[in-house]
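Here subunit A shows up in two complexes: once beside subunit B, once beside subunit C.
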Partner chain A sequence: MKEGFRQSMAWLHTWSGLLVCWILLLVFCAGTASYYRNEITLWMQPELHGAAASKVTTEAAATAAQQAMQERAQGAPRWFISLPGERTPATQLGWSKPSKPGEKKRGRRGNFHSEMADPATGDVLSKPRETRGGEFLYRLHFDLHYMSAIWGRWIVGFCAMFMLVSIISGIVTHKRIFKDLFTFRPKKGQRSWLDAHNVTAVLALPYHLMITYTGLVTLMFLYMPSGATAAYKGDQDTFFAEAFPGGSNDRKVSGVAAPLTPFAPLVRQAEQHWGGTVERISVNHPGDANAVITLSRAAGRDMSSKQPSMDFDGVSGKLLSTNGDELPGASATHGVMYGLHIAHFGGPLLRALFFLSGLAGCAMVATGALLWAVKARQKQAKALAAGKRPSFGLRLVEALNIGSIAGIPIAFGAYFWANRLLTVRMENRPQEEIACFFGAWALAAIVAQLRPSRAMWRTQLAAGAFLFCALPMLNVFTTQSHLGVTLFMGQGPASVAAFDLVVLVLGMGLAYAAYKLKPVPAKAVKTAAATKPVISTMEAA
Partner chain B sequence: MQAPAITEKMPRLRLSAAAIYRLGVASRSIAAIAGGYVLAALATMLLSVCLPMARAEAVMTATLLSFAIYTCAVLWVFATGSALRAWLGLLIPGAVIAAILQWTGALSWSLA
Partner chain C sequence: MTDVLANFMVFALCYAGLSCLCLAMDRHYADLHGRGAEPPPQLRRRLQWGGWLALAIGLAWAMHLAGFGYGLVSWVGSLTGCGLLLIWLLPYAPQQAMRLARFIGAAALLAAVLLAVL
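Now for the complex of A and B:
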């Protein structure tokens, strides 16, 4: 450790940040994209773009959904219905298939059927291409991929803890945190990177702190189960039952058939009770005398992730219980912290601000990683000028920086391209799209390890820029809902147009970075010699 | 990282100053990651048992605070003067909390 408190904190900031920054960058990018996970999924299913999202009241949508389920989900022990909202134009119908006697259990997914329906009529929408869409990016954010979800969550949690330590020590080590916010000295090599790191970090500091801490909170009972174990003497189930009270959902099948009561009056009653709209309807044992209908409120009424629900008798329509109307303090705090992380409460403007803050987070991680490499190169300046090779650590970090900072956009771009270019009726289509994501990224990362140079930065940034900028163009050839239709003719969902414009802007940012890395003229190379770090003249985009 | 200059001679252990420095960093890293976690987990247990509120609420509050406790422990480990002090700073409060938990009978369940 260095002498002095501030120095030791600076050391801690550097190393806790550097060691996990490449995974953090992936987590940040995937998480930032996840704010628009519904929109990304919609973009990735052009077959649904034409389906005129007929605006209907929740009551009418519930009635149409009930009719559709009664026709199509005969004998299913459970129904799940998600009513359309601002960000999801279609009704989602799902049911668990009745298990036949003697049949092996196929796990939760194997027994589940789900489809999209027109909110007004309940008719099935034309079956879209199979894709994981934004859901893949959302899962990637905390489950990673190619490993069990639990391992992924522990790794992400470990990195998040490093990040929390790095943020706090970064604040502590900062003498002039306010002044630095207004300091940017461009084209000054290391100085510029330091300023860029400070600006992106400090500007959105409350966000960074909030998102890191609440990220840990979303999985806190996985990471820190000791409290529940101690207070409940090892009985976690009782704790969860007390901390997350459900309703009277545990009624058994009676075997006596009875018609299900209409949803609409229950929806009206629930909406009056909450002063908010109903989003989910689930039914246990539909068609049985002991059926239970549970309605849950849509997010957006407050910041909490915990939405209240109401249980009704499925035959008489009598209210059985209300759950979560009044939460005790700590539970409500937990709900708000969780809610802050997933930001389901946000309207379009707030969501955009979260997205921008997420991008600032990506930039903070990236500039921090670059700053380390620039500093290390300066330390080795003499040796490098004498014609020696950079140290192993420096070379590794520079290559990892290229492979992640320039490589992750390539992976995202490849994922979206694959969605448009793979044959629509391909087998295992979702997996193939994901394979394209990781294939492209692996290629970028490996090539970067082979030749971590300025030219490599330029090539990879340009590749990412091309993939992003050309997406709206690709849409013209592969869909009926390209910008020409969505923007200029004002038809089709606005979110599809917004997606095209956002990737275009991001792609232009990458292109600008690639442009700034244009080859240094021969004269300048002579004077600057090898002391100039490969990326020092690149400005913060 | 530059190793601090160590002036006094160490005749028995013939380790270079750089090696001693690295061992110190390794020792502190283990103290921070593993020791810090154990201390945070113990503090969470103590708060879960002791906080004067409903059982589920106490657990919720304690677990929400646990990551702040963990962070403070990590900062302490790297801020303090020597690796030995870092370990002692974790072990002493950890032992005290464990003793209280043992006394109240809350620990035996968690170790089972």
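Now for the complex of A and C:
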């Protein structure tokens, strides 16, 4: 019976894993990159690299921001200010434009103006190139793309559910989880792939379980609405208002003009109260007697994703209310789970560990997918040796493996290349960058379907390796903040230097994989010839 | 400086601890000392005790540094990182992996002394 149970679990593990592995790999790659979403965005806006070097206190930045807003955002009903922090270089100023009477409402985004300002002076920074930066990768992680967000979330949630099934059935199947804990035997074919799959899965198991489970929790109100629907009798608004409490922002305009109190003392008071820094300041009805100033804390004080906020009277500066200092149990639990998933709380070291574990997750999914193909090939070894062609399923899986495992790095590389090579003032620039991402990926995936061979593996891995390794070089020609400046002259934002170094290391990893696939001598010439056109099309993209 | 030392100690203890536990296993002991070699029972017991002790101290130290939740998360993360490094080194350079463990264990002791002094 025991053997039977294990075997059925092995079956479940194999198929639940295989079915979703390609989308999961995309989700894992994008999610892992999202740990550095701010850094990626900064890297993709070289115009801001200069501002990143200057450091000012939150109080000084708040004062400068207030001055800038008073000059530039006259008459706006709402202000939004994001102060610079460890991971964001510039102050972000935003305001909704006053709607003219008789004008049609233009939706939420249409009336909104946003700009980047120097944290010390409040001056507008030279407008950086438009890009979605790391935000695109973050959205891709759970919304996918080219479809409505809700559909994307359902698909990702479905895959995550299968992932959870896979992990648990995998634990049951893995007979010697402790005996084989440190075992990796390279150069032994299927054995090695299995070892690599086990090692990346078991060593980062706490991470994999946590990230999959908390991932489902982040969107649980979408996947499992019944509890809330039953308890609140379908009244979603009340539920969300109670689950995610806001503050006393509902004061109406009085029509009496009154000057806004300075931000700096409020910032000091809030920071003393929390023992953490202020990240966001929003003002309702600035310049009115009923103005309300809301300060929100920056992440990093505790694990929860829910950051407390404080409301102040905009004229007298009196504290109106504090929100989220003491969360009820369920809400606090949700906050911590969400927080663990997005890992905004961690310092650089902890974030690096999350990133590493994320990479282990990518490797686990990739080796799992490869393992299926290796095993299937073994089963068909006799037929293949007799000159028969691989079965349809095997061919399909192998092609999908190339298209995703080697193709996704190509897509990432193309995205970053596009950011540097597209003309800076291009119309719809963010969309064009994203089109490059999917264009390059689609090309890789289609070419892989046409000829899923060892040479194709090598070609695509080499293309990905080239795109990644050459990025720091490309920076030399297209920016003022390349490694020569950021690292060797020690001037520039460390995160930009780190980005260059990390892509270089990842690229070298891909290059090593391509090197390991070196063909038997007779084919060598052919492969080298095949590599070039693919790379040049990537460059063009 | 003390920050770096303190964080380094979590890593060092994790790596040293995992290496001890690894070396206490027949297969990996044989990797180092030739095929068929088994650790003498006394040594095995010492390695196991030492390994678990190092991991436990690492956890306690991480929690002391950053509180229960943070400490736990960073300890688990360090375990993953150190484990991957150890497993990667083992098949290619087993002697160096163990030398690194000895070195890093000594460095952890040194770091502890330094931290006590500073």
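Just so we're on the same page, the second predicted complex is superposed on the first by the 515 of 541 C-alpha atoms of A that agree within 3 Å, B and C clash if a C-alpha of one lies under 4 Å from a C-alpha of the other, contacts with A are read in each partner's own complex, and residues count from 1 in each chain.
Note that a residue touches a chain if its C-beta (ideal position, glycine included) is under 8 Å from a C-beta of that chain, and two chains touch if they have at least 3 such contacts.
Keep in mind it's a predicted model, so treat the numbers as computed, not measured.
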### Which superposed partner A:186 touches (first subunit B, second subunit C, both, neither)
second
### Task
For A:217, decide between first (touching subunit B), second (touching subunit C), both and neither.
first
### Query
For A:161, is the partner it touches subunit B (first), subunit C (second), both, or none of the two (neither)?
first
### Message
By residue count, which of the two partners contacts subunit A more extensively, subunit B or subunit C?
### Response
B
### Query
Thinking of the overlay built on chain A, is A:399 touched by subunit B (first), by subunit C (second), by both, or by neither?
neither
### Message
Tell me the contact category for A:353 with respect to subunit B and subunit C: first, second, both or neither.
### Response
second
### Message
Once chain A of both complexes is superposed, is A:204 in touch with subunit B (first), subunit C (second), both, or neither?
### Response
second
### Task
For A:334, select first, second, both or neither according to whether it touches subunit B, subunit C, the two together, or no partner.
first
### Task
For A:239, decide between first (touching subunit B), second (touching subunit C), both and neither.
first
### Query
Can A:444 be said to touch subunit B (first), subunit C (second), both, or neither?
neither
### Task
Please give the residue numbers of subunit A that touch subunit B in the complex, ascending.
1-3, 5, 8-9, 11-12, 161, 164-165, 168-169, 172, 213, 216-217, 220-221, 223-224, 226-234, 239, 242-243, 328-331, 333-334, 337
### Query
Where on subunit A is subunit C touching in the complex?
179, 181-186, 199-200, 203-204, 206-207, 302-303, 336, 340, 345-346, 349-350, 353-354, 356-357, 360
### Query
Taking the complex as given, what residues does subunit B use to touch subunit A?
1, 4, 24-25, 28, 40-42, 44-49, 53-64, 66-68, 70-71, 74-75, 78-79, 101, 106-107, 109-110, 112
### subunit C residues within the subunit A interface of the complex
7, 18, 22, 25, 27-28, 69-70, 73-74, 76-81, 83-84, 86-88, 90-92
